[in-house]
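Chain lettering (A, B, C and D) follows the sequence in which the chains are written, and residue indices restart at 1 in each chain.
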Amino acid sequence: MSLRERIGSSVALLAGDKQADRAVPPTGFTARLTVFTSAAMAFLAVFVLALSLTAGRVADRWTEQLAQTSTLRISAPDGQIDAQVRAALRVLETTPGVAGARALSDEEQRALLAPWFGPDLPVESLPIPRLIEITETDGGYDTTGLRARLQAEVPGALLDDHARWRAPLVKAAERLRALGFAAVILIAGATAAMITLAAQAALAANAQVIRVMRLVGAKDSYIAGAFVRRFTLRAFFGSTVGVAVSGVAVWLLPELDVAGGILEGIGLSGAEWLWIAAIPILASVVAFAATRAAALRTLGRHS
Amino acid sequence: MIELERAAYSYGGGELFTDVTLTLAPGSFHFLTGPSGAGKTTLLKLCYGELIATAGHVRLFGENTRKMDRDRIAMNRRRIGVVHQDCQFLDHLPISENVALPLTVAGRSEEADAYLGELLAWVGLTRQAQQLPPELSGGERQRAALARAIILSPDVILADEPTGNIDWEMSQRLLSLLVELNKLGKTVLVATHDMALIRAAKAQISARVLRLKDRKIQAAEVDL
Amino acid sequence: MSLRERIGSSVALLAGDKQADRAVPPTGFTARLTVFTSAAMAFLAVFVLALSLTAGRVADRWTEQLAQTSTLRISAPDGQIDAQVRAALRVLETTPGVAGARALSDEEQRALLAPWFGPDLPVESLPIPRLIEITETDGGYDTTGLRARLQAEVPGALLDDHARWRAPLVKAAERLRALGFAAVILIAGATAAMITLAAQAALAANAQVIRVMRLVGAKDSYIAGAFVRRFTLRAFFGSTVGVAVSGVAVWLLPELDVAGGILEGIGLSGAEWLWIAAIPILASVVAFAATRAAALRTLGRHS
Amino acid sequence: MIELERAAYSYGGGELFTDVTLTLAPGSFHFLTGPSGAGKTTLLKLCYGELIATAGHVRLFGENTRKMDRDRIAMNRRRIGVVHQDCQFLDHLPISENVALPLTVAGRSEEADAYLGELLAWVGLTRQAQQLPPELSGGERQRAALARAIILSPDVILADEPTGNIDWEMSQRLLSLLVELNKLGKTVLVATHDMALIRAAKAQISARVLRLKDRKIQAAEVDL
């Protein structure tokens, strides 16, 4: 069967006719089970997806803000300090992995120290070190090599890649995102399996319906169609309800945007809502494929 | 219409019957008898393609069942009305819809209106038309199954023990329905144990009686 | 029925006999559905429970470490500084909500500044402010009131409750824990509902079994028992598998203990494993109750 | 054993029968006939407590069915062997276990060994003992249902159309089994359309024939 034909026959199967649908008993526990399972799993999926996407955003922000800067500190007697700063900048310019480097201005240093000493610290008059901010490239530089070169050329320089201690945090957030996506895939798989099993249970329970339909000359596709439509609609309905309920729940979660940006509110934003809206469609596709396979297999067995 | 040529069938153990050669000519009327468990139902299942002969050939309307795909068999079933021995229905639909089911499946449900009421009246189920199948008595179910088998006005009617649970007067009524259809040119094959029914039929029409016994099929005019 | 009798009859129902069990068809899709659902839901439950417990621990630690300190910074001309520090300490001693206060030593101040200026900063010789660390009581003090008193009595003092900015983080972690527990309850509820529906589907599919058993004179409890045992065992088996698999997965998650203690590894420790071990038992109890109710209801309907 | 006193039953519509007074004395043999849909199966269901009379009283072994709880009805069923019109089995268990099911349920499965083989041989199912019920022919299922009904050696045997799908010789065999049991003191009630069977029974035993028609029950010696 070509892809075109496949899609055509799938659409025909979904369009179906009312008469065929009446052949399958309208309700039953497998029906409710399917709707409920779809709803619960969609709810969980939205939940976990929201967690996961939030973790992803946190990881991105932290990565951006923190991962690629480090500081060079130059302490030297008053007269030599400017020369050493210039020497250090020269060294940094020629270091592979360093995207940029610049000395902090007096104001910037004062702002950095303000939490500790107040805003009035006489930075100019104090024998405090000068700071050079280094921006790394994606690959980062070779810390040991840079240290060795600096020791030779700028004796008063001390390299502090202090910002790197936050790297594990970024890793943690990224792992949380990965775990979240794994959970979503797990949920999707579990849902598919449950819908398949529910469909098979329904088919097994309706063995008599299948026998009668065959006896009166119904084609396989006619019988399968009645089941497939039923289950696809149920999965769509259930997962839509689940997504709607959990979407509202997530949307109602109070905003939680910490000044420091270390942790964001658990929630969704913009395009992420599209992911969520895709869940019912995915659930329907899964239900369609699962039920169709199960139905045709069952029909094949009933010789 | 239906030809069996040296057909045999086995469910895995020994062969139930072998070398069955049989032609149901258009317009013929056959009875099939034989002891319980001889293979009457199995033979009927060969005739409408639910089972495929393990040896020999079965041809429906000239086509070999072994070479038909499932959709083809489904299409052929619409030309064959079958009364199963254990009548099965869609238990969630009323009898009227169950009887009209072959029309529905064939996409001709609009024809139901004209014919259905008359048919239900003939088999005595007018009052029960809106009941569900599990709410029917055994005999009522058998009558509904016969009605369902003939609603499409099929070329062939295969009835497996259609009067097992039905009283004598009603059996006569159903028999005369089958005789009527046969006179219209339909081919009829009835599996039954009821010798009185066979005798009654032979008074009205020239029916052949086949007897399935000891893995063979024979004409059995003698024991009536 | 008294509680004692209830428990007695429940135990008898579970003990059961092999003969009755044979009356219910041994396998089928509802069976696999139950096992699979129990396993998947147990797996998810462990996952979410682990996340939730970790979040709880993080919240606890952050609360402990951070929430209840703030800093008082005193800048004054060299000669007055010690007097002002003493005055400030006196004020703090009499402030409600302050559990303790002490001036940082020179070494402590040097350590605080080290990341910025290196370890050799001449703290003694610099006109830098002195820092006083304030420990709050649980209730915390009234920031505005304290500021006013200090302005009057210690003009060089500046109150910095910088540590409080982490409070939202604590809140976030706590909310994560709450969300996690909500998800666990949701999962438990969904599992119960699914098992109930699966049991009802099985009962509906086995209507003929029930009819036959009644016909030959089986009592309701005999028939119900066969179903209940089946489903309880399936739920127990499925959830044990799910818990085992996810337990191993969680246990294998690499330790992730950031120096700062801001984020811990996602995982379980000590007594928390007991929670996890309780899941199969809970699942079985849920399955038992759900199936028993469903079975007795169904049997009651079949006149 | 079983007494109906002015019993009536209605499925919601009109009453199927009214004022049925009937006593199945210990050791008696009754046939129940009547047109299809008259209410024979319904009457039998009253007799074993599956349905409760909508008016009047039904007493099993002296107890009113209306006052029995469900467990009590279950216990009484073990003293009544029932052959349902549409024989139903546990489709996943072989015929031998299905036939032995009443023993199993009563907790007396060890007794099965002694008796089961003989019983299966009598109804001609020795070869089919290990087959599953859906693999049996219609007549074989009816015979298995009869075997299941009598394996507990019940005080009362209620058989609903037990020979509808069975050939004449086998029907005779089953009849003689019922006659034998009746001679041992069992109470027997058989609902059937098969007049030949009734005639054959009356040659062997003094059986009363009841006819359910037009909502009434009458003795119907005449029409044989």
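Following the convention adopted for this analysis, a contact is a pair of C-beta atoms (placed from the backbone, for glycine too) under 8 Å apart; a residue touches a chain by one contact, two chains touch by 3 or more.
Predicted, not measured: the structure shown is a model, and the values here were computed from it.
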### Third chains touching both subunit C and subunit A
none
### Message
Treat touching chains as neighbours: how many steps, at the fewest, connect subunit B to subunit D?
### Response
1
### Task
Average the CA atoms of each chain to get its centre, and name the chain whose centre is farthest from that of subunit B.
C
### Task
Please work out the Cα centroid separation of subunit B and subunit C, and write it as a whole number of Å.
67
### Query
Just how far, in Å, is the C-alpha centre of subunit B from the one of subunit A?
62
### Message
Multi-chain contacts only, two chains or more: what residues does subunit D have there?
### Response
none
### Query
Which parts of subunit C, given as residue numbers and ranges, touch two or more other chains?
none
### Task
Take each protein chain as a node, join two nodes whenever their chains touch, and name the resulting shape: line, ring, star, complete or other.
ring
#### Entry: Every chain pair in contact, whichever chains are involved
A-B, A-C, B-D, C-D
### Summary
Residue set of subunit A touching subunit B in the complex reads 19, 22-23, 25-26, 208-209, 211-222, 303
### Message
List the residues on subunit C that touch subunit A in their complex, please.
### Response
28-30, 32-33, 36-37, 40, 43-44, 47, 51, 73, 75, 112-113, 115-118, 120-122, 126-129, 131, 158, 160, 162, 165, 168-169, 171-172, 175-176, 179, 183, 186-187, 190, 193-194, 197-198, 200-205, 256, 258-260, 262-263, 266
### Task
Spell out the part of subunit B that touches subunit A in their complex, as residue ranges.
50-51, 70-71, 74-78, 82, 84, 88-93, 97, 101-102, 104-106, 109, 148
### Task
Provide the residue numbers of subunit D that touch subunit B in the complex, in ascending order.
11, 33-37, 39-41, 85-86, 124, 128, 135, 137-140, 143, 160-161, 164-170, 193, 195-196
